[in-house]
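Handing you this structure, nothing more for now.
Each chain gets a letter, A, B and C, in the order it is written, and its residues are counted from 1.
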Amino acid sequence: MAFIRNTWYAAAWARELREEMLPRTILGEPIVLFRKTDGAIVALGNRCAHRFVPLHLGRLDNNVIECKYHGLKYDESGSCIFNPHGDGKIPPGARVKKYIVAERHGIVWIWMGEASRVDRSQIRDFTEFDDSGRFTFVTGYVHVAANYQLIADNLLDLTHGQYVHPLFTNAAGPATMEADTSSEPGTVWAKFVRKNQYPNQYFQMLGYPKDQRGDHRNYMRWNAPGVLLLDVGMTSVGGSPSEGISIPTAHLLTPETLTSTHYLWGMARNFRLNDASFSAQLLETGISVFENEDKPIIEAQQRAMGASDDLFGMTPALLQTDRAALRARRLLERMIRQERGEVVEPHAIAGLAQEDIGPGAATSGDA
Amino acid sequence: MAFIRNTWYAAAWARELREEMLPRTILGEPIVLFRKTDGAIVALGNRCAHRFVPLHLGRLDNNVIECKYHGLKYDESGSCIFNPHGDGKIPPGARVKKYIVAERHGIVWIWMGEASRVDRSQIRDFTEFDDSGRFTFVTGYVHVAANYQLIADNLLDLTHGQYVHPLFTNAAGPATMEADTSSEPGTVWAKFVRKNQYPNQYFQMLGYPKDQRGDHRNYMRWNAPGVLLLDVGMTSVGGSPSEGISIPTAHLLTPETLTSTHYLWGMARNFRLNDASFSAQLLETGISVFENEDKPIIEAQQRAMGASDDLFGMTPALLQTDRAALRARRLLERMIRQERGEVVEPHAIAGLAQEDIGPGAATSGDA
Amino acid sequence: MAFIRNTWYAAAWARELREEMLPRTILGEPIVLFRKTDGAIVALGNRCAHRFVPLHLGRLDNNVIECKYHGLKYDESGSCIFNPHGDGKIPPGARVKKYIVAERHGIVWIWMGEASRVDRSQIRDFTEFDDSGRFTFVTGYVHVAANYQLIADNLLDLTHGQYVHPLFTNAAGPATMEADTSSEPGTVWAKFVRKNQYPNQYFQMLGYPKDQRGDHRNYMRWNAPGVLLLDVGMTSVGGSPSEGISIPTAHLLTPETLTSTHYLWGMARNFRLNDASFSAQLLETGISVFENEDKPIIEAQQRAMGASDDLFGMTPALLQTDRAALRARRLLERMIRQERGEVVEPHAIAGLAQEDIGPGAATSGDA
């Protein structure tokens, strides 16, 4: 399976871009990101056109990168604008690729496809991570040596929390997956609930009273290519999601290569906004959960698959709780084939027959 | 060259199996071994049928493994017996491979072939390593980044002791290889002797008087696929092997992959049975010899061969002391070809003509 | 691109050969070098003919190598002369390759081609590095994980000194490349000058007065396969190269594999001959420059090229200062094709058209 190209990938958290250039390989392409003096973000191919040395090893001065090797200078358009040698003529072909980027909601988005097809309306909403002041958030970065869809599978089946994450374990067992009744095209919801239970350690840490029952919810929203937002919350029994504590959590999965992923995560909150030590505790929690607990499992899974990304070629047994992950994989497969110009019949995606996991596997919104 | 499958491989020393699950890849297949509450040993495929996470990362409870990722449970037959999600139905295909194992003489044997062809009478005798009380033994494990036949070559030509192992060096030079006069089909003997010599450091350590001449013997017995037992002893000059000190030594070579091997070794003895500090000294000796001295040489040899296991494709020069190793390779090659259904003519194994190393290279018992 | 074989490669600095055997893989072939008791140097294939263990792991005694594994002995001709086993006959094929070597000017040269075509007159002149007493020199070795031609490109375009090496940076900018007016067949000159400038830190360190303008020169001489000598000097303005300070610098590039190189460097001088602490300072400078500054850049370049050595397949932009490097690559390409028996038309080397970099790219001496 290849990648979708005409889509937005999360290249970085905006706060990762400070004074230094940030090198990041995306879909196998070396890219350098930097912030201009006016604050706008630029993404260029990270290989000098002359001898292919990574540009981020050089110097950034007033929005111009000087290559470390022979001093060629590139402006923000990716054009070589200065050759210090010989007669100083700019040689033909002395440019690097310029990528379209957008900074929105604290995220640097990059468009990896054709410039003529760019569509900023496709950027998903992550208002919880902007500077509106309604939320405070912590963010992190994990490099995972696994295909990005294995991480999406993980996130679309949060029952794993019961087994993988001590903090998320409930006495009453794993969460229950609700039927997805939404019909927004291109969006997959995976809604997990634990009704009328005592808070697990995580919700206790967030301040939910230890001896008070309530309804937990984990509503995961997936959009291609690997852009997920999780609404985590706990209310009193029967309460509305608009009440109680809420921790919207972002999971942005960007392929570095077919078998490695930039995993950008963020945890926002709309309470204790100015409590820095609570922020530090949530940061530590995120690292513990994503870096120390999910990553080893997912990387072991990738090793078991060799260097392949063909999960279905290994004919996995399927559970009902896989249905959101399957819908996401099916949507992605269809998008990739359509982008290649293939005619894709509904339900033509091999290995993903609805009967494999029973009712609810395919819902409206897939075709 | 592939592997023989319809045969017993040594998966582990029985004492390696305590409370924890033991992961071990054999012939490229990931396997998890564990001991049941009744003491019997089980070997299962070490990849959950659902998402391929290694089962040994999970929890073993009352002979049932719970997968670390989503909590599927497998019993000792390899069947998934519990699905904590959705309606709890066990999905089709939710099972892992069950391997036939046998615990005998302190060794866990695993049958890698067809169940219908299993034959327990083929398990070789290692009574020196059981709990009969007649012997005490120490055991070790070495991971070697080399094809298992390179290790068998090493063990079937013990003249290398003179050069590789300071402890086994004799003033009078390397051991002499005796003609193999046995005719047990499928067994290769490599008998090395040093007659009427002073003990080397090893025999001195074992208690042979330093200033007293004697006859050393190293009789190595090989059986496919890589199962060797060495009778090490020293008697007075002209004495019978039944007298004097004896250190039966096991060498069990089990391919992890084509170019890596699980090397299980053991040293038994029928004297100073309850001397724990002597056991500790022998353990240290085994580690020094196999881990620190043989392993680096054999791994250097594998590196010189690249990722190949085709020794004869590199047309090595052959010595008379190679003849046991050549017989073993020839037997193995014939067994592999026969298992594949090929018709194998006697003496049809390329690169192993008898004239290469002179008389004795091929003896009865080969065909 | 393959390698030229009928040529001399620099295997080692002569002073690297002391009592120990020196293993060094050249053009992918494992070689062991040693110095005989009479001082002459020997190079043999570094793989025992019997079991392929590297000979340098064994013992060298009176010009004879004993293999570490089974004690076979090889003399300086590469023939096995002693077999300690069985009837002691030397088995057929028990020899290793003998390479032709020459020690000249402190360098051990090795001929990697056919013995019948060996030509000692092709060894380039490095008299600055012999024991004549006219020069003192320091030498070093850097292993570079990159194709050797990428290092030659580096050395034939010394304008990089301005950007890569703080010590070589001039206030007035990078050096200017002079037209190559020489016409010695098979030799490429890359002459860089900085006229009427203050000394950079390097020349100050060498003793040129800080406040006195002068003419800097860096005249690099390249010969196939990767044998370079740099005449570094600074004179008063308009002075002759024969006056003033001079630091002849050797750069000997020997492929270990297609993507790794033995980089032997040396810095000679004809002043302060007996100043050991100045020698130590120059040694430290060389390490700083080649090991710490050039090597990371060149290895980053190789990584950007994957495991390929096909620079032109990536269609680099070309600068006028590339013209010496291009001439060297063109010469090498022609030599390799001719050695293979191909008929090579002048100007038939793809991707290297003269118009790419303007006048001076191709000069006499190329055809």
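Simple rule for what comes next: contacts are C-beta pairs under 8 Å (C-beta built on N, C-alpha and C of every residue); 3 or more make two chains touch, one makes a residue touch a chain.
Treat the numbers as computed from the prediction; the structure is a model and nothing was measured.
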Fitted rotation between subunit B and its twin subunit C in degrees, CA, nearest 5: 120
Classification of the subunit A:subunit B interface as same or different, half of numbers criterion: different
Approximate Å spacing (C-alpha centroids) for the pair subunit A, subunit B: 48
Numbers and ranges of subunit B residues touching at least 2 other chains: none
For the subunit C and subunit B complex, residues of the former touching the latter: 30, 47, 49-54, 57-58, 66-71, 80, 83-87, 91-94
Footprint of subunit C on subunit B - complex, ascending: 153, 157, 159-160, 162-164, 173-174, 177, 297, 300-301, 304-305, 314-321, 356-358
